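Chain nomenclature is as follows: A, B and C, assigned in order of appearance, with residue numbering initiated at 1 for each chain independently.
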Amino acid sequence: MTISEETQARADRATTARAHPVLTVDDFSVEYRGERVVQAVRNVSLELGRGEILGLAGESGCGKSTLAYGINRLLKPPAMITSGGAHFHSREGYSIDLGELHGEDLRAFRWDKISMVFQGAMNSLNPVINIRAQLEDIFTTHRPEMSKKERREKCAELLERVGVDRSRLLSYPHELSGGMRQRVMIAMAMALDPQIMIMDEPTTALDVVVQREILREITRLRAELGFAVIFITHDLPLLLEISDRIAIMREGEIVELRDAVDLYTDPQHPYTKKLLASFPSLTGARGSFVRGHAQDRNEEVS
Amino acid sequence: MTTTTQDPALAAGAATAVSRRVTLPPMTPKLAAGLLLGGAITLFGLLGPLFVGNPSTVNNIGLSGPGNGFILGTTQTGQDVFAQLAYATRGSLTIGLIVGVLTLFLSAFFGIVGAYAGGWLDESFSLFSNVMLVIPGLPLIIIISSYVPDKSILLVALVLAITGWAGSARVLRGFTLSLRNRDYVAAARVSGEKPWRVLGVEILPNLIPLLASQAVFAVIFAILGEAGLSFLGLGASGSFTWGTMLYYAQNGLALRLGAWWWFVPPGLLIALFGAALSLINFSIDEIINPKLRNQTRATRKKWNLSKSQLKQVVKEDEL
Amino acid sequence: MRFLLQKVAFYVVALWAALTLNFFLPRWMPGNPVDMMLSKLAQKGPVSPEARSAIELLLGTNSSAPIWEQYFDYLGKVFAGDFGVSVAYFPASVGDVIGRTLPWTIGLIGIATVISFVLGIVLGQLAGWKRGSWLDNFIPVTTMFQSVPYFWLALILLFFFGSMWRLFPLNGGYDVYTTSPGLDWDFIGSVLYYGALPALTIVISSVGGWMLGMRNMMVSTLSEDYILTAEAKGLKPRRIMTTYAARNAVLPSVAGFAISLGFVVAGSIVTEVVFSYPGIGSALLQAVSSNDYSLMQGIFLVITLSVLGANLLVDLLYTLIDPRTRARA
């Protein structure tokens, strides 16, 4: 496939995915009602296509993590959802209003349909129990009908799928490198074959080599299993490489939401332009074809 | 890539400004209760002896309950229990103060200086503290006390301080070690500040809440320790403290004779004063560990949530 | 493994320090403990040359042997378990007295501490989990109990449960009139009955400290990232509270066990006195009042050894529950 064909395939995928969204967010607002009331997310609406990678970018404090936590009902008081809602549309055909889930229903829903990969896997794993225990308790909680043997086998499989040798099952988190820990987090997130994975800065704490490997794993797994991804980061160039669409957030609002290629080549909003310009210009030697190709296209056009 | 070289003095200055922000504990009901209670007892100890009669005068009245002009009755030799209580408060608080100060200095020296200096000094100070910590305190105090039959309040305080500083030293050392590795300290060292200045200006202000909390612990420990010692008959001879009162009460068979006015007040004051100090320590704890602050009832009241919303929050916390 | 050896080495050093302290202390004190003891002993009967030399070795001597020679002779005697003859319990040897009284104390403190620890940790766990609830305001009450002196609490308990409402016995370790030591139910039952009040004193006084520490650590731990991950995973709240939060929050309490044990030992000595419990604390006080210095030395060393042993056990336990320590060395 040529480069332009690849880009077109991407755009086509995005359009078909959007026709059957797996998640719709309507007019979503979150406030931190502490001593001062702070509007963290303002009237955000978006749709996530089935199997799509949606990048959510913005500077620190723009509300992207709050939005993700809000959708997943992980916000802690004094943060409150003040308007709007989110609906999950399962591939089996039914829809669930995420705001209406409470208590035991919410608990059972979690991880099964929507899972999360958190930032800084430094501290996201329980330091006193081993990796296998942390993978297993997902199954003991959500799939109690599995036998011990099946569970153990599934855990080993999961690890190998993310590229970690199964001998590491009995290790403790502090015995693993940062990259390995993040892979374990991804393995955990995939355990119940979710339809959406929300990734909050999953590669921020890692060096570039490991970063690249992790990104490759994510795209590969997505192709294999077909889950949608909301990828949250402040690193815009990274999103440009792997996302189908990108949403730019600023002070709680989405200022631009378009296909990745279009966003890079033809940014509309002044803030997006500023963001793009603030990254050091690439020589094109490293990085994906999108950037290099877009450079060429610009020169052709002008 | 151009790097702007910062003026080192500016950098140190900025770092100092950040580290100097010493916060006072916010006034909560717990803190208010602690201060009130502690203050009242301290006042009693300071001013009480000026208003009561002579605690040592013997009367013919013998063991008697409250009444007949004696607010708290008399001991078995007819001495005024209330007067004794006032003097005892003064005595115990004095010991508490002396031991508190001594322990603070000892633990600060062995804990902070060692941890900051690092290397073999840190190793040896730490080893020394740990050994002193693990050797049982009261038996040692008992033995030392038994060799010296007539003790002054100062000697008792000294012995208590020598056996009690090790725990604080260990806590202070741990905290200093973590502070030492923080950025603003590194900035100060790199910019050439003398070690003593770094210690005094960058590190010490951040240690103040912890030092305060340890000092309060030391006072509680001193008062309890002295009480225990005196009760065993090994306390300061010839002085009145809560502990010696209990010793005489025990010897005078106050318990068997049901003379509650004699043995209940001293112990009660120890407990109340200890509780007051603990409450104060609570509030200091909330400064040291901001995570504790955010979850108290008092903070929750300040949120802008309606009553029903708050109820929802509490419900979601249920197991 | 290396970590283990380091720990053991530390405790050996601590033991050596205690022994050395014990050796020099009577020699530094004003007055002459040797003479005092010898004269006391002489009141009970003629003093044998072995007794005399034992006392001189333990306490300091008028002899002209160089101090280092005395020190090594002293160490030799200590390791042979020979502390000489007791004045307070004449003619029993110090070893005998310790052998008779130590088991009572270890039993009492051991059981009371375990109960106190477990209770404190469990309550602290619940109090910390339900952050900001009414349990939060209950904590200051328990800390008040923490500042109550052991012996005063003992007196109060004795007064109410021993004198006023005659539910529990006033003193002793077991009913000397109806049972005798042996492994039968009568004796054990009697021991438990007599030990109830002293144990209750120790538990009430120390549970507050454990509870507070655990509660604070729980609140701290609950803001960690791995708790958020556990919640997002949809784990049951009970599992999050125990395996994720409490399992991590309990670590400092175990690590700080040494400091707490010191308080418990101190408290139990005094408690024994109040209840006339036949433990080593009572024996120590007896020794003090009779100027029985060799018994005091012996008891001090035995208490030190026990405390060091307990601390070593807890340290080893800690390496088991915190996997990060095995890597640290």
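We take it that a residue touches a chain if its C-beta (ideal position, glycine included) is under 8 Å from a C-beta of that chain, and two chains touch if they have at least 3 such contacts.
Here the structure is a predicted model, which means the values were calculated and not measured.
J.: Mind listing the touching groups among the other chains when subunit A isn't counted?
T.: one piece
J.: Going by C-alpha centroids, which chain is farthest from subunit C? Tell me that one.
T.: Centroid comparison gives A as the farthest chain from subunit C.
J.: Once you find the CA centre of subunit B and the CA centre of subunit C, what distance in Å lies between them?
T.: 23
J.: Using mean C-alpha positions as chain centres, tell me how far subunit A is from subunit C in Å, no decimals.
T.: 55
J.: Centroid from C-alpha atoms only, then distance subunit A to subunit B, rounded to Å. What do you get?
T.: Measuring from centre to centre gives 51 Å for this pair.
J.: Among the residues of subunit B, which ones contact at least 2 other chains?
T.: 300, in rising order.
J.: Identify all positions of subunit A at which a residue touches two or more other chains, and write them in rising order.
T.: In subunit A, no residue touches at least two other chains, as defined above.
J.: Of all the residues in subunit C, which ones touch at least 2 other chains?
T.: 237
J.: Subunit C touches which residues of subunit B in the complex?
T.: Touching subunit C from subunit B are residues 30, 33, 127, 130-131, 133-140, 142-144, 146-148, 167, 170, 220, 224-225, 227-228, 231-234, 246, 250, 255-256, 258, 260, 263-264, 266-267, 270-275, 277-279, 282, 285, 289, 291-292, 294-297, 299-300, 314, 317-319.
J.: Spell out the residues on subunit C that touch subunit A in their complex, using ranges where they run on.
T.: 224-226, 228-237, 239, 243-244, 247-248, 251, 321-324, 327
J.: Residues of subunit C touching subunit B in their complex?
T.: By the definition above, subunit C touches subunit B via 10-11, 13-14, 17-18, 21, 25-26, 29-31, 33, 129-133, 136-137, 139-140, 143-144, 146-152, 155-156, 158-159, 163, 216, 219-220, 223, 237-238, 241, 258-259, 262, 265-267, 269-270, 273, 284-285, 288-289, 291, 293, 296-297, 299-300, 303-304, 307-308, 311.
J.: Can you check the complex and tell me which residues of subunit A touch subunit C?
T.: 72, 74, 106-112, 115-116, 118, 120, 122-130, 137-138, 141-142, 172, 174-175, 185, 188
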